[in-house]
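Consider the two complexes below, in which chain A is the common component and chain B and chain C are the respective partners.
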Partner chain A sequence: MRIAGKGLINRKKPVSFTFDGTVYSGFEGDTLASALLANGVKLMARSFKYHRPRGVLTAGSEEPNALVTIGNGASQDPNVRATVQEIYEGLEARSQNRWPSLAHDVMAVNDLGAPFLGAGFYYKTFMWPKAFWEKLYEPVIRRAAGLGALSGAAVTDKYERAYAHCDVLVIGAGPTGLMAALTAAEAGVDVILAEEDSVLGGRLLSESGEIDGVPARDWAEATVARLQGMANVRIMTRTSVTGAYDGGTYGALERVGHHGVVAADLPKECFWRIAAKRAVLAAGALERPVAFQNNDRPGIMLASAVRSYVNRWNVAPGKAVAVFGNNDSAHDTAADLLAAGVHVSALIDSRPDATTDLPVPFYAGAHVCGSEGRKALEAVSISRASGIDKVQADCLAMSGGWNPTLHLTCHMSGRPDWDEAIAAFVPRAGMVPGMIAAGACNGVFSTAACLGEGAGAALAALDGLGVEAEMPALPAAEARDYRISPLWAVPGKGRAWLDFQNDVSVKDVKQAAVENFRSVEHMKRYTTQGMATDQGKNSNVGALAVLADATGRGIPETGTTTYRPPFQPVAIAAMAAGSEDKGFAPERLTTSHELTVKAGAPMIEAGLWYRPSYFPRSGETTWRQSCDREVMHVRQAVGVADVSTLGKIDIKGPDAGALLDFLYTNMFSTLKVGRVRYGLMLREDGHVMDDGTTARLAEDHFVMTTTTAAAGQVMSHMELITQGVKRKLDVRFTSVTEHWAQFAVAGPKSRELLNGLLDAPIDGESWPFMACGDVSVGGVKARLFRISFSGEQAYELAVPSRYGEALFAELRKRAEGLGGGVYGMEALNVLRIEKGFITHGEIDGRMTAFDIGMQGMMSKKKDFYGKGAAARPGLLDDERPQLVGLKPVGVVKQITAGAHLYKDGAEAVRENDQGYVTSVGFSPEMGSFLGLAFLKGGRARHGETVRMVDAMRGVETTCEVCHPVFLDPEGERARD
Partner chain B sequence: MRIACPLCGERDLREFTYKGAALALAYPSEAASAQEWDDYLHNRDNPAGPTRELWYHGSGCTSWLVVTRNTVTHEILAVELAENAEEASA
Partner chain C sequence: MIDLKAKSACEGLLPIEIGGVKLSEVAPAEMTLIAPYRGKEAALAKAFGGRWPAAGETASVEGGVLVWFGRAQAMLIGTAAPTTLAKFAAVTEQSDAWARVLLEGAGARDVLARLTPLDIRDTAFAVGQTARTELFHMQVSITRVSKDAWQIIGFRSMAGTLVHDLQRAMKGVAARAI
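After this line comes the complex of A and B, so read on.
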């Protein structure tokens, strides 16, 4: 019910929205919770486990009960707190976890079974038969218990990630935070003030006191105006700081587009990483409920929430409100209600010595011990020495005291201290380096003390930054002592709720203690207390107090559970913003990409690169037909392939040769200018890291190629060698992978093709195998390397990338003119398998030069990286797997990659394993499948037959072991 | 976490990759014994306290850095270029 008053709602701007299909009206400035209450809607949700009717408990982000689903389809957001959601025109909200409707939920039958559904129920009940858990129990439980559901559709809303930097980050904009921000800002440092609410002021917006002789809310407004006018202050509203991390890094979630008035290009949420040299935590405190029988009926809420609804939103949460507490907040609440003209039916204070001047029925030394009503509160029972009184109330405001919001101070493994005087945990100093807790989150509750602590914390932060500043004059404000007498659970029968969101009662926690789950961490997991989306913000301290009592320990000895980020739920979409799709794996495209795709070639991923699988021609119906043809083009005419994806590293300097000598197992300093050499690189542990060719373009200038996959790894490896291991080399290098477009021209007609294209023709004598040098193509300076990954007479022609596309088109046309064509990865793979050339399929990080038969490349004349480790006895064992070739000789003429090898006739079990197949291709020239494999002691077993079993695909055959070079073992074709 | 790169200044953790103990810089000589190789390749201290480790500023200046970090508090005590670090063998 809306009442008169000057709250923070704009009565000139009505806003209509729907809840479960019914249209309601609120005002600009309302949250969904305040607008529903204003419309008399108290039942907002069903509880997680027992489907009990629930209303709103709080007025803030800690809300456990009033969770709703907002929106539809792909942009559906489940579990949105009605206390945080601002209303806007056309907002659609729905209740959750009920069927068929919120008012008539058939699953409420669970509540009748409550005596059987307590703590540990799942663990004890769904034990057997074992198979039933997955098939029966879990699906049924999941359907019966739960929160809101995701849409199942991929997210279409925009989310963003962003970074911010500041000298001082102030977290929270209540009296402490405002004072801290102002003090820091006036000293001239860069300040970020982050506030989770849409309006700055914190509790000042909901309470009725004065600061400096004006209403506190006006002081807040004036202070905010001052801050807004300062260029060194950035105010971030609707921004929850969610975590404190190493090095002054803070995570924060900004709700950018949840209130319906965003521009089209703004995201729904933005996840910030804020790097702050210093931080002031001014997060305030959260009021805690009191556990008593049926303390969860709609209409029962925290006293602080009642004050917020009355003062900030001008909503009377009931016609007759009872107020119950163990501290002065209850009295303040009753006073505010009376001032707003709301009937207070009782004020109950558990402190026997409490007094009041308020004109209300007053019960000192009494407790609320029960409630009545079905879907809304109707009456409360009050127990006192003389007996039990029943008082009519459709709303109960309760205050069990305040817990400092110290969560962030514990995010780096810190633990808080118990402060007996305020019956609450308070932060220990210095738990997050550079962060100072101040005000209510530091256990200081009067407005005057908060203002002082805010200014003091800012001064300490400034001091840490080396900035001198003086304590500002503090505004006058309320300076009352906080008086509390601990009250966690009112004794009595029935279920008294601690954790509203996970339906955990006092009885459950006691049961955990009885079953010896005495550690607070065990109790938490056994009862699920504090494990819901609210992370037990209302219930953790109460639950551990009950546990402490049940186990006969004090609260400090019982301790708290661990506080971990995030402080508020953060959508994965926000945290991962920018990392989806291409943000996760950017595409690297070659210069021939467009023409390749136009040619109908299916593309495959090679790291981040995209490469053609094969180039289908008309009449070809399977990839094998295309692949076989492309292979034969290379073997009989000429083929062209884009090999630009190989890593290219340009190396210059007097010591370039010396560096290569140390990087590669074989010698490079002796390589002649104008020649190319194949090299093998080891890791420090003696295993093969990568291979490739390196060309010497001049005495002090080399260009290295790496495999596509290892380009980055080789680059950082070279940085490590030159910066850390071989420091004094006079050499510089840089990656030029993207700068050059490079194409393989392979086949007996490759020279013929090139000679039609190059400005000056070449011949076999002046350009022998492994020669390199500059050439000219249509006036463009290019590089030519006579190297071969196919075993044929072959060249690689490199031009600056801007000419890549044109060159590819020209090469393709000319190859086709000579009876050949372009070829893709499938053909490239077959060509290299026929020649026994290795890729990372073979050098997978576990292989030594000895394993792949390249022990001869390990120079004895010099040291090289990995040499010492490669000589370790275990790596030279004859029984190690060694590279071999395989030909199928059984009934089945197929080899499959990944299949394992066994001795002929041996059972295919792990103990008998002899090796495995790494690469397979069908050779059209030989009319057979060929395989490369690693076989125990394989080099001595050529001619032997082995059993090949692919358990995954169900393929089995017999293979003959042979030399891994199947074709032209003398290498005559490449030298032709 | 933030690392103050001597060349680039204080930068976010995401620009760096971790390799392991700075010991990797102390590459043994060719004639080193099997035990020395074992110590270099495999044997590592696991201190609760300051430790020297190698980080690569791959999204920045491509420097290899030796970062002295307290494993208990995650506090970064020192950052230097690997080329100035004491571990290096040559």
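After this line comes the complex of A and C, so read on.
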């Protein structure tokens, strides 16, 4: 019910929204919770396990009960706290975890079975038969218990990630935070003030006190205005700091598009990473409930929440409100209710010595011990020495004291201290380096003390930054002592709730203790207390106090569970923002990409690069037809392929040759200028890392090529060697992969093609096999390498990338004119398999030079990286898998990559495994599948017949083991 | 003689303008990576009139600018490197290796804040400062060229992704202003 008063709602701007299909009206400034309460709606949710009717407990982000689902379809957002959700025109909210409706939930039958459903029930009951757990019990239990559900559709909303930097991050904008931000900002440093609420002011927005003689809220507003006017202050509202991480980095979640119908590109949430040199934690405190029988009925809420609804949103949460507490917060609440004209039916204070001047029925030294009403509170029972009184109330405001919101201080494994005077845990100094806790989150509760601590924390932060500043004049404010007498659970029968969100009662915690789950961490997991989405913000301290009592220990001895980020639920979509679809990984495209895609070539990924699989021509219905044709183009005419993706590393300097000698197993310093050599590179452990060719362009200038996907790895390997192993080498290197567009021109007609293109023709004598040098193409300075990965006479022509597309088009046209064409990765693969050339299919990180038959390339004349390790006896064992060729010789003609090899006649089981197939291709020239494989002691087994079994694809082929070079073993074709 | 037509890294992708922030390709220019040999740092700096950039800095030189480009190297942009430098440094032409774009406008800094962890406050990253850093999930060089304009240099092959990621951030920033 809405009442008169000057709250923070705009009565001139009514807003209509729906809850479970019913249209309601609220005002701008309302949360969903305040607007529903204003409309008399108290039943907002059903509980997790027992489907008990629940209303709103709090007025903040710690709300455990009033969780709703916002929106529909792919953008459906479950478990949104009604206390956080701001209303806007057209908002659609739905209750969750109920069927068929919130008011009539058939699963509420669970509540009747409660005596059997306590802590540990599932563990003890659903043990047998074992197979039933996964198939029957778990699905049924999951269906019966739960909160909101995701839609199951992929998210279509936008989310965002961003970074921010500051000198001082102030977390929370209550009196402490505002004072800290102001003090730091006045000193001239960069300040970020992050506040999870939509309005700055914290508790000042909800309390009736004064600061400096004006209403506290006005002081907050004026202070915010000052901060807004300062260029060095950045105010981030609706932003929850969710975690404290190493190096002064904080995670924060900003609600951007949750409070209105939004533009198409507006993100729903933004996940910030804030790097702060210093931080002031001014997160305030959370009021805690008291456990008594049926303390969860709709209408029972925290006293501070009642004050918020009355003072900030001008909502009377009931017609007759009872107030119950163990500290002065209860008295404030009763006073505010009376001032707002709301009837207070009772004020119950558990402290025997409490007094009041308020004109209300007052019960000192008494407890609320029970409640009545099903879907809404109707009456409360008050126990006192003289007996039990029943008082009519449709709302109960309760206060069990305050817990400092110290969560962030514990994110680096620190544990808080127990402060007996306030019956609460408080942070220790220095738990998070660079972060200072101040105000209520530091266990200081009066407004005056908070203002002082805020300013003091800012000064300490400034001091840490080397900035001198003086203590500002502090505004005058309420400086009352916090008087509390601990009260965790009111004795009595029935269920007294601790964790509202996971339906955990005092009885459950006691049961855990009885069953010897005495450690607070064990109790938590056994009862599920604190394991819901609110992470037990309202219940952790109460539960461990009950556990401490049940186990006869003190609270400090019992200790807390671990506080972990995030402080608030964060959508995975926010943390992964931008990584969907094209944002998953960068795409590296060659200069020929556009023409290649236009030609209809399916693209495959090689590292981050995209390369053509094959180039289909009309009439070709399978990829094999295209691949066979492209292979024959190269073997009989000329083929062109984009090989720009191979890593190209430019190496310069007086010691360039010496570096290469150390990098490669074979010698490079003796290579003549204008020549190319094939090289093999090992890791420190003696296994092959990469292979490739390196060209010597000048005495002190080499260009190395690497495998496409290994370019980065080779570069960092070289950095390691030059920075850490051979530090005295005078050599510099850089990647030039991107600068050059490079094309393989391969086949008997390759020279003919080039001579039509190059500004000066070449011949076999001036450009023998493995020659390299500068050429000119249409006046463009280019590089030509006579190297071959196909075994044919072949060249690679490189031009600056800007000419890549034009050159590709030209090469393609000319190749087609000579009866050839462009070829893709499939044909490239067949061509190299025919020649027994290896790729990372073979050198997969587990192979040695010995395994691939290149032990002869390991120079005996010099040292090279990995040499010692490669000489270890185990790496030179004759029984190691060795590279061989495979040809089908039986009825089945197919060889498949990944298939395993067994001795002819042996059973295809793990124990008999002899090796596996690494690469296969169909050779059109030989009319047969060819395979490269690793076979135990394979080099000595050429001519032997083996059994190839592909258990995955169900293929079995009899193969003959042979030399891995199938075609032109002498290499005549490349040399002519 | 055939005539090879040149194509720039971002041809067909840029310019774009969203919410007052403009992203355009910088006209192709000479880019040469210069990395001094052992003990030749001083001689190299002298060849540039003492204007060799320190880490994170740029230096104007005749006809162009030297942009610090990582440990002991700088990129000379805008003019060809004198051949005499080869005595002091590894000089490598890289004009075609990079996509060079300019992000400018009042909201440009907010756009960058969506993509790079770099501290780009005025106090931390003044005009003329440069960094090798991360832009979403690619490595780039970012230089602040004026109050509201930033030059971003990324791999040429990743130009499409560079534009995609920047465009996404630009849309998000622009949507907040509505």
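A few notes on this one:
FYI, the second predicted complex is superposed on the first by the 971 of 976 C-alpha atoms of A that agree within 3 Å, B and C clash if a C-alpha of one lies under 4 Å from a C-alpha of the other, contacts with A are read in each partner's own complex, and residues count from 1 in each chain.
In the analysis below, a contact is a pair of C-beta atoms (placed from the backbone, for glycine too) under 8 Å apart; a residue touches a chain by one contact, two chains touch by 3 or more.
None of the values given here were measured: they were computed from a predicted structure.
Residue contacts after overlaying the shared chain place A:R732 against chain C, while chain B stays out of touching range.
Comparing chain B with chain C, the partner in contact with more residues of chain A is C. Once chain A of one complex is fitted onto chain A of the other, the partner contacts of A:Y163 extend to both chain B and chain C.
Looking at the shared chain after the overlay, A:D265 reaches chain C, while chain B stays out of its contact range. Applying the stated contact rule after C-alpha superposition, one finds that A:G578 touches chain C and leaves chain B untouched.
Using the contact criterion defined above for the overlaid structures, shared-chain residue A:I604 touches neither chain B nor chain C, since it reaches no partner. Looking at the shared chain after the overlay, A:R273 reaches both chain B and chain C.
In the superposition on chain A, contact of A:M857 is made with neither chain B nor chain C.
Taken together, the two structures place residues 163, 273, 275 of chain A in contact with chain B in one case and with chain C in the other. If you check the complex, the residues on chain A that touch chain C are 158, 160-165, 190, 256, 262-267, 273, 275, 578, 582-583, 585-591, 608-609, 650, 652-654, 730, 732-741, 757, 759, 777-780, 799-807, 810.
Touching chain A in their complex are the following residues of chain B: 1-3, 10, 12-13, 17, 19, 24-25, 27-32, 34, 37, 40-41, 54, 56, 58, 62-64, 73-76, 81-83, 85, 87-90. The touching residues of chain A, when paired with chain B in their complex, are 163, 245-249, 273, 275, 412, 433, 684-685, 712, 715-716, 719-720, 723-728, 863, 865, 867-869, 872-873. By the touch rule above, chain C contacts chain A in their complex via residues 1-9, 28, 33, 35-38, 73, 89-98, 113-114, 116-121, 123-124, 136-138, 155-161, 164-165, 168, 171-172, 174-176, 178.
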